Amino acid sequence: MSIASIIGQVLVLFGTFFYVVSSLGLIRMPDVYNRMQTATKSATLGSLGVIIGVGIWAIGEVGSYSWIPKTLIIAVFLLLTNPIAAHALIRAAYKSGVPLWEGSIVDRYKEVESSLERVEEIKEKLKEPSLGVEMNE
Amino acid sequence: MGEASKVSRYLYTVLILFIIWMFLTSSFDSQEITIGAVFSLIIGALTYEVFTERGLENLNPKRMAYAIAYIPYFLWAMIMANLDVAYRVLHPKRPINPGIVECKTILTNNTGKLALANSITLTPGTITLDVKGDHYFIHWIDVKDKSIEGASEHITKPFEKFLKVIFE
Amino acid sequence: MVGEMVKRILAIVFILIIGLWMAKGLDQVPFGEDRMLVGKYYLEHVTEETGAINAVTAVVVNYRGFDTLGEVTVLFIASTGVAALLWRKKRKRTAKKEGSVVLTTGAKLLLPFVMLFGAYIFIHGHLTPGGGFPGGATIATAFLLLYVAFTVYEIDHKIFEPLEGLAGVGYVTVGLIGLAVGGYFLFDWIWQSWGLGKENIGRLFSAGFIPIIYILIGLKVGTELTGIIDNMVKEPEEGGQ
Amino acid sequence: MSQYASLLIALPLFSAFFIPILKRLNKSAIMPFLVVVTLVQTGIAAWVFNEIYITGKPIIIMAGGFRPPVGINLYIGHFAAVFILVVTLASFLMTVFSMRAVNVEPKDKYAMLFLLLMLGATGMIATGDIFNLFVFMEITAISAYALTAYNKTGESSEAALKYVVLGGIGSSFFLVGIALIYGSLGTLNMAHIGQLASMINPTAAKIGLALLIFGLAVEAEQFPLNAWAPDAYQEAPHPVTAMFSAFVVKASLYAIGRIIYILSAAEGWSSVLRLLIVLGTLTVIVGEMSALRQNNVKRMFAYSSIAQVGLIAMGLALGTESGVSASVFHMFNHAIVKALMFLAVGYVAIELGGVEMSKFEGLGKRMPITAFAITVGAISIIGIPLFNVFWSKIQLILAALNAEYTWVVALILGASLIEATYYIRLIHTMWFKGEGEKVKENSVLALIMLLLVAFIIVIGIYPEPFWDVMQKAGRDIFDVAQYVKNVPLMGVSP
Amino acid sequence: MIEIYLFLIAVAVILSMYRFFRGPTTADRIVAVDIMTTLTTGLMVLFALHYRRAIFLDVALVYAVLAFVGVIAFARYMEGGL
Amino acid sequence: MNPYYFASIALILIGLYAILVKRNVLKMLVGLSIMETGVNLLLISVGYVSGRSAPILSEGITPDKAVDPIPQALVLTAIVIGVATTAMALSVVINLYEKYKTLNVEEIRRLRG
Amino acid sequence: MNELALIVFAPLIAGALAWLVDIKGIREIFGVLGAAVPLGYTVLLYQKTGEGLNFALNLGVFKLTFALNTLNWFFLGIGALVGFAAILALVSTGRDSYEWLFALMSLSGVIGVFLANDLMTFFIFWEIMTFASFMMVLHYNRSASLKYFLLSVFGAYAMLLALGIIYAKLGTFDFGAIQQAMYQDAYASAFGGETLISKNESALIYLLFLIAFGVKAGMFPLHVWAPDAYSETNQSYTAMFSGVLSKAGVYGFILLYVLMGTRLALEFGAFRSATKFGYIIAFLGGLTIIVGGLLAALQEDIRKLFAYSSISQLGYILVGIGVGTALSIQAAMFHVLSHALFKGLFFLIVATIVYRTGKTTFADMGGLAEKMPFTFAMAFVAILSLAGIPPLVGFASKWVLFEAVISQNLPILGGMVFFGSAIGFVYLIRFVYAVWFGQRPTDLDNTKDAPLPMAIAMAILALFNVILGIAPGLVAKELNRIFGKEIIGGDLFILDLGFGKYNALAVTIYLVVGIIIAGIIYFLGAKVKKVPVTDTYQSANPVTMEYNLTIRRNFFLPLKETLAFWLRVSFDRLYRTIGTWVEDLAEVMRTYIYNGNTQSYAWYLAILLLILALWGV
């Protein structure tokens, strides 16, 4: 077994571990936000491990270096897109009204959102022609 | 900060695309390179306006250097984050203390903000929930400080020093 | 409700019996056995006859070209049909919640890459598992990304529709050139009449007209799927019936 | 030269793809373009027909120049030659009608879908490969879904939904059938299947054949799989309804016939046939009974059409050459008559704003040519001598009796009695009931209707040349050995 | 060896399925899908090695692209941004 | 029964079940898609030959080491057709919902008899 | 062109031309010429009947074959003659080109039926005839036409099924071949050999033909269409309808004898002196006589009266055919001729009356003899002929028929026949008095006599009534020629059955003398006394308009009351009820099956799959 194979395997093992962690997190965490916290991170890292690991492993196993660039591309793509997807999802979850876990201690977003709404309401009122006030945006 | 010239932006886009093509094909076959060049030129022409604002300016050596340095830093942070996750997931009591906090950033560039948001998402106990202007709203699995300043100190600051150089 | 229960139980009984019946038939087609007849011919002759190393691609584009032409047509019908059904005098997007800067910036950055992936996939159809359809779908994905990220984004139908048509016309024309040059509709004139690329088997510039057709299909599928997406996300304006 | 028959596929495709470009150039040219294309297509079909009936040999189109079973081939034999001509001619007439009948936008899309519906049916009739048959069937079906819903009313969408759901189930099971046949034989070419059919595993063949027939029977409107049909017929734009009845359903029926007979050497074959006969008979009975007190005349015609289709399926499943020939003849006659009747009823709907029975009161005075056309069509369908349908109906019945299906004939005749009842009621309503203002009838449409009427009567009075052609067409389906011989199969063998 | 990893990842995918079926919110299901697609991408890459065929990597790449956009589309649909 | 066949048949039946039982039109369409998936899986399974690889003759795969390419080609076509059907069905449902304001299949029955 | 083709198609072509030209005057010329051609050729072809003249038209689908022989010449002659007369009368009463087309088409149809030499040709022309006559009725009345059409189609389908079975078993439609095969079958079955057609099948074929021909002949209980259809169409046309078209049914029964009489006789045995299958026909014929006669008596409408009368008369013919001896069949055919002649004449008379007065009920008529003397004279002939008074043709045929039935010792049938004769007098009396004599309503004071074409038409038929009445030997000779042996003996004026003799000439002479005497008395002083309608007395009943039993109104009300129970048993109503059931069933089925629910429809697919699975296909 070549060194490349060993390094590759180690990486794959590492990645697989986080894959499993990711799925466990998905099951165990109490609300969607916390599930995302755990699952996304470990799935992303796991992917890096598994995918790049395969690229390196292939050097020893198949004898080709051409796996590396392609696995890298895939890994980078996941690295870039997974957090975006997670962000989009968590935002969507929040905006579609999924409540925070009852154990959550703070919701800053809600506070800001409601104050912003109040600002909007005031703006609307001020816009009414009788007041004749020009709002400065 | 204004936009770079169209030529610069276009060339930058084509260059990036071509590099990616080379990665994709993993081959130095002349035919692949030819087609790759053609495709990069075409797709670059179609997309450079949305793809980049600064064009070749991105390739400034200092930025490149910081970007390269950022990789191990970030990877380390990420591994730590995941060990943290593993701990929380596998611990029978699920030690969590979640909440949504607000942070402020000094970054102004959109790409920088994206990088920051992604970095936050992938590192310990945090996910970017929304970005409004320079305010980040972050779901934090283990809230240690509820104030804007305190949260920023914990969450955004560590990355900003790199990202500021790379993207600003 | 009792009726509901009965319906479910009946449905289960039905599908189980139907399933057993199908299984009985499939039992006569043992899994994993080599039963190839025409398939074997393809595998043995594909490189010599079409220049492709991906036998599936050769089957799709050359040997069973009619299927593929039909497949392109089916998608064209879907895109046309969706456009016809969702046509209103005035339609526009009504989405309210703009994506965050993370999403919009991410979409902008990813757009060219995704497009390049698409192009990569359809141009390598004769060498890898790709081809015009997945490539086109990937290109459509690039546009979907824009729709997803920006609530105001819309494609320009004035460009997309003629492009879609042009790609189709191009495909049929390639086939007709085959009829004129080689005497058969969809005849691979580049490979079989002109013999171009014979020395290139396994490399990009080979496989006769497969890459050309896949470029056309990629364009066509990309524009069509994008058109379908566009039609699906738009809603009629008030009084725009 | 004969390979140029592939223009039958290429031309409609090219034209359909060209329409988006034409739309940019000149939008008002689309409908005239449609007329021209279908006319040219009719010309090609006529040339092909002539070629085949002069040489007596089928045209085998080999796509890509690969010999079957390696390449897909089209088999334009005696049957396909006739029915492609029917398809193109009916399409041509309906494009003319469309110029008057279709006012809902977007017309460019309508034109494309119209062409592709025609293409799909042409392909189904011509193809020599079962999977390619599936592809063309889906082309037909999906354009039909779109056209059914084209008017964008709630009802038209409802009709299309039913069509999609049932059609979708049907095509899925059709594919399972293909999987079974392919899995047992390793080929998809019809002639090749015909050649190898005696070696096929009986269980797989039986179930595969049953599933193929099941899938096709949905499109071929066999009871009880036809529940989508009356709704779709009722709600589709009038020219499209005419096309449904004239050739879309016929293409599926043909496919049933073709598949049945290429697998005739397989075991268990006759039990599938028997089932199809039962289905066909039930289709006739239920169709006629449903039409009996129908107040919506277009729907009534739809049920009537379904009943006739049942008759055709029954004939195809008799397993005798005379049955197949009679069925083919009936397909042909029915295509003419129903094209005429749906054209007429559609025209009434346009002029009088509805197709309820009350709208037909006094039609004889208001729109005499249209009423006359409907009357001739109805009389023909009932099966009165001197009108075309009589000949095929009686041939079908004789064929069934010859195959010892007396009970089938008795039931069908009973159902025909019902058919006579509702058509006579309609005729009476049109001519001897009610008054109304005279409507000026469109001279082009009147011409088309009279043309079809003339056709009905000419065949009715002098069926010989037509019957001659139909017998050849029927033999084309029935004589599998000849079919296999005609296709230049290359030596791919196990 | 590879088979073991394949098995483990498959187990992970199946575990994620639990969340997909369990819910309880739509967001939960989409998260589950997101994770599953990521795991599946890894699985596909590993399969490529198992079969020793680099061409399968392309499949994984296309899959990753489609899955990403798909998940985002669902997310945006859920929040009313489509 | 082989697991691939089993899975294909199961998918087909699950799809059919959804069509037969679910009242929501969209769910019925999902059922249809599941059926299509099952069918595609079945086709692919029929073409599989044990111990062989994808019929792309590179990386040391010779004709005797490749599986049957035909079912794969068929499935490509079938998938596209499935997509097209689904797209059509969805736009039909969009129109339907606009006019009927419901997706309950039992309330969508103006056309009958 | 072959003469047979000309005979068959000339009316059709003429009709089509008349329809296309549609100019009053010209279309009549076309029409009359079209009807004249068959008549002319029929006369010319008399000599050639023995030569086996035939004609075939290959349609590809089938070969239409026609042949002329002595038997069908007889029917052809009747058809051509009465048809020509009716068409001539149509010149006056025809309303539009539509009627010309279908009247002539039906003539072509019936001629085709008579001349057909194979079952398929027979069926095709049968259908054409039915369809055309239906169109004539449809023009006037929907429900009558629908009833006619449904029963006809029912009959036609029965025939189709029968001929389909024959074709499937024997592989031929040709009469000769079928006759041959059936004959062989008959002996094969008698000696226990293999038969092509089994006993059950031959019974089925017989039953189907019984229905098919029974409908057309108006045989009880399939007669219900006839009264409405005969009365609800152009009355000139009715002459042909009742006179000729109904005879196609009779011809069919004779054909049944020709084709498979031996087979049926041997297979099913005898009842008393008749064959079983024949006795059924005869018995139904007898019922037809009674029912037709009774109902005729109860009618208030002049057209209906003759419609029922026609039914009743057809009954005689069926009895004759059913009894099945050579003599009885000859008698039946004789009666076919005389019924065509006198009933054709009757309907032309009715047509004239309706045409001139616009009235159809007895209540509105009276005293027309004075205003329409020519028509009255014609009616006189017709009445005498129908009533079976010598020396008219009606007597001759009826006499032979009575003799034929009585001689066979079939008492029930004999009773029925006599009863029919009696009731015939009853309804004729009404026609005579209510229409021609008595008080004339004032609005009929300006009534004119028959127009020329109708007059000619009536005259032709009347002439034949008289000539063949005085010289029945002409007919007998022809009938003997058909049967190939002398069954009715005698000479031109004398019919000799061996056990009875009728001298027409002698009777004529007595009668002429009697009429001259009566005429002298009439002109010497008998005058009609005018009395108000309500001044009439009726055996102790107060005279109200409701119970006003004058000859013109409800004359046979007491009879009606007596028969009330039986009149409720109406086959007409029974058929209607069945029709309603079918419609309701169809309605229920339609709404249940096509219930609009997509999911139910998906279930249908699943059910079929289940059936496939369980059937083990």
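The letters A, B, C, D, E, F and G name the chains in turn, as written, and every chain counts its residues from 1.
By our rule, a residue touches a chain if its C-beta (ideal position, glycine included) is under 8 Å from a C-beta of that chain, and two chains touch if they have at least 3 such contacts.
Since we're looking at a predicted model, the values are computed, not measured.
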Which chain wins if you rank chains by how close their C-alpha centre is to the centre of all protein C-alpha atoms?
D
Farthest chain (mean CA position) relative to chain E
G
Centre-of-Cα separation between chain G and chain A, whole angstrom:
94
Could you state the distance in Å from the CA-based centre of chain B to that of chain F?
39
Length of the line joining the C-alpha centres of chain C and chain F, rounded to whole Å
15
With centres defined as the mean C-alpha position, give me the chain B-chain G separation in Å.
101
Quick check: what residues of chain E touch more than one other chain, meaning two or more?
52, 54-56, 58, 61, 65, 72, 76, 79-81
Touching at least 2 other chains, the residues of chain B are 20, 24, 26, 114, 117-118, 128, 130, 132
By the touch rule stated above, which residues of chain G touch at least two different other chains?
590, 594, 598, 602, 606-607, 609, 612
With touch defined as at the start, can you tell me which chain C residues reach chain E in the complex?
95-99, 103, 114, 117, 120-121, 124, 127-130, 134, 137-138, 141, 144-145, 147-149, 151, 233
Per the touch rule, the chain D residues reaching chain G in their complex are 161-162, 165-166, 169-170, 173, 206-207, 210-211, 214, 218, 224-225, 227-228, 230, 268, 271-272, 275, 279, 286, 289-290, 292-294, 379, 382, 384-386, 390-391, 394-395, 397-398, 400-402, 404, 406, 409-410, 413-414, 416-418, 420-421, 424-425, 427-428, 431-433, 462-468
So, in the complex, the side of chain C touching chain A is made of residues 97, 99-100, 102-103, 106, 109-110, 113
Hey, which residues of chain F end up touching chain E in the complex?
53-54, 56, 58-61
Taking the touch rule as given, give the residues of chain C at its contact with chain G in the complex, in rising order.
11, 14-15, 17-18, 20-21
